[in-house]
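There are two complexes below, and they share chain A, which is joined by chain B in the first and by chain C in the second.
Here is the complex of A and B:
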């Protein structure tokens, strides 16, 4: 198998990796915010429901969650059978929403009370205070931890292979077992490295852009 | 009828009674200084006037209009928003919005109030924006910071930040401007510039309530002085009466102590 053929097969796998990454990110960023509102809710049942959910999701391995979402319905005797990719994406979105929601919560709670009070005495509505005063300050504070989580997501996508979704690692493994080649495993390392390098660059750019003020 | 009437304000946090029945009134254009040791309830009283705390009892009237009455409470958020605009508040810790420049800090609230969520023709919106911009620049000039129009709060000294905060509070043209220990977070050499601004506001007939530890300022600028101790008004009168000839022994002791430190 030539280098070119290997690259082509791995590129297919990388496409799947990117898809899991992209869809998870786009869906979890807003979903996480909704969960944050839930976990900061003044209505105790909502608050505790969301908090318990976050505890369960953060307290169990993502791999287990993928397996349960894919095989769970069948094991319970239900007729539902999710496509593999759908199961993976559902598991990732749920998992990452929980992590993001906790980062958001930390960010929101780190804003001094005085900022809210200043908005209040200036006659702003709750919504105006959140969107005009607090939100941007929260974003500035959460970019570093979010960056961490986003880079972890790149590598976590490899967990999809546990239910035989052919993402990058699985694609390389296939070549290893079928063709007896070892080097594609090192080669995919470069894929991950380059992609996280790109993300790091973008995240640093975002951080710099917000450095025009300090708190 | 007095311009501001505060009647029987009581406030507890849990079992701690912080305000035990506060009554006072003031006239338009007056400057009232509230002094007293920490924990005497001065700040809580100011926060009650600004709807940051809800009194358990009592009422507050401005110009005869009821701002707060414990019989009518709780008020809806929108009712509170309307009523609290009669008061402005300058905080001890400034609380400027760090992500906006000085001009935006001042113009944001008036703009949200007069434009957001209202269906106005574009030309009119533009006119209002220009008005607000002009007014904000004028206020900046009043507090002597025209040169810092486009600076960010983090680039200013504490005294400058507090002057911006004063301009920001004035931008909504409150009937009564309240100051919560406006110089307590400042280095001694910076308190002068803030007090000077407050003094200038007095000459433009602004009605103000100033909670302060600056005895000289209270004595020199205020028309009336309230001395609070343990949740009640221990002494009320002109600066000469309160500082020169205090009736209550508690006031006497407090003044002796604070003048010792000078």
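Here is the complex of A and C:
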């Protein structure tokens, strides 16, 4: 198998990796914010419920969550059959929403109370204060920790192979198994590296743009 | 005051989010339910609930003796495999071929269903089977007593054996299992190779390395992180030698490990399916089709029927 053929096959696997990454990111960013509101809620049952949920999700391995979501219904004798990819994406979205929600919470709580009070003095509504004053400062502050999670997400996609979804690592392992070649297994490191280089660049760009909000 | 309103608002948003999510997933459930029962998902709530009761009925009768209905209603049987030569692999055109591939297709043709080959992680084959993610395990599956607790086996069709592989330069060092004391041995976790290693007194005392695939055991030996590897004979024969990265390795002929049988794995309760598969295997053995397939893929030396 030539270098070019291997690269082409790995590119297919990389496509799956990117799909898991993209869908998870797009869905988790807003879902995480909703969960933040829940965990900061003044209503104890909601707060308690969300915090317990976050504890369970952050306290168990993502790999286990994927296995549970895919095999769980069938093992319980239910007629639900999720496609493998769907099960992976659901598990990733739930998991990453929880992590994102805690980062958001840290960001929101870091904004001094004085700003809320100033907003109230100016006659702004709570909604206006949050969306026009607080939110953009929060976004600026959470870019570095979010960058961490986003780059971790790129590599976490390799967990999808646990239920035999052919992402990049699995694609390489298939070549190793079928063609007796070993080097593709290490070659995929380059895919991950290049992609996280791109993400790092974008995150830096975002951080620079946010300089406007520096105090 | 405004704080409370804000909190309530956000609570409401949160609840709506939850309900939206819940709604989504239950929609998906009923959709899947109707899909799997009779493919009449016309979408309205009442029809969905109708079809879900239908599927409940069919599953409760499945507890009786209609495991075959479950498969024949689907029209397809999902076969759990891993890719390896000469059982299930890709030819130059990217077509799935191999002894097991053709064998499965031949049996399914007799049964009137379409095989769907689904790659699985081998160590999760029991979970895959039990959760109905797959219907059969058909991939050089070795019959063992432990596995009989979790699945039923068809007739055996190949007699395989486990062999020890070693770097050619070290081959002379090992003449019998006693000479292997103190070495490190790699095999696939949960495979018959692991059983073979643990069954032998000397080998069981060595450093045992459980890998996630048989090919990883080869990699361990190649990288020098293990001295010896235990693999299926069929796999070892196909994957080491000329043109591979494992040209400097060989099968150790001097040591015999336990021989074993290959069979199809079926859910324990799927007795009707099992009987149908056994009948089909018999027919294919009698008219010589199966032997022809075995010859085509070079496994006729271990043919068992």
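We adopt the following convention: the second predicted complex is superposed on the first by the 212 of 215 C-alpha atoms of A that agree within 3 Å, B and C clash if a C-alpha of one lies under 4 Å from a C-alpha of the other, contacts with A are read in each partner's own complex, and residues count from 1 in each chain.
Definition applied: contacts are C-beta pairs under 8 Å (C-beta built on N, C-alpha and C of every residue); 3 or more make two chains touch, one makes a residue touch a chain.
Since this is a predicted model, take the numbers as computed values, not measurements.
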Partner chain(s) touched by A:201 [first = chain B, second = chain C, both, neither]: neither
Partner chain(s) touched by A:173 [first = chain B, second = chain C, both, neither]: second
Contacts of A:48 with chain B and chain C, given as first, second, both or neither: neither
Contacts of A:3 with chain B and chain C, given as first, second, both or neither: neither
Touching partner for A:136 - first (chain B), second (chain C), both, neither: first
Touching partner for A:182 - first (chain B), second (chain C), both, neither: second
Touching partner for A:115 - first (chain B), second (chain C), both, neither: first
Chain A residues touched - chain C or chain B, whichever exceeds: C
Which of chain B and chain C A:123 touches, first, second, both or neither: first
Residues on chain A lying within both footprints (that of chain B and that of chain C): 120, 125-126
Of chain C, residues touching chain A in the complex: 2-11, 13-15, 17, 28-29, 32-33, 36-37, 52, 55-56, 59, 82-85, 89-90, 118-121, 124, 127-128, 130-133, 213, 215, 219, 222, 239-240, 243-246
Touch list for chain A against partner chain B, complex: 112, 114-115, 117-126, 128, 132-133, 136-137, 140, 212-215
List of chain A residues in touch with chain C within their complex: 31, 34-35, 37-38, 40-43, 46, 50, 67, 70-75, 77-82, 120, 125-127, 130, 161-164, 166, 173-174, 176-183
Residue ranges of chain B in contact with chain A within the complex: 50-52, 77-78, 81-82, 84-85, 87-89, 91, 93, 95-99, 108-109, 112-113, 116, 152-154, 168-169, 172
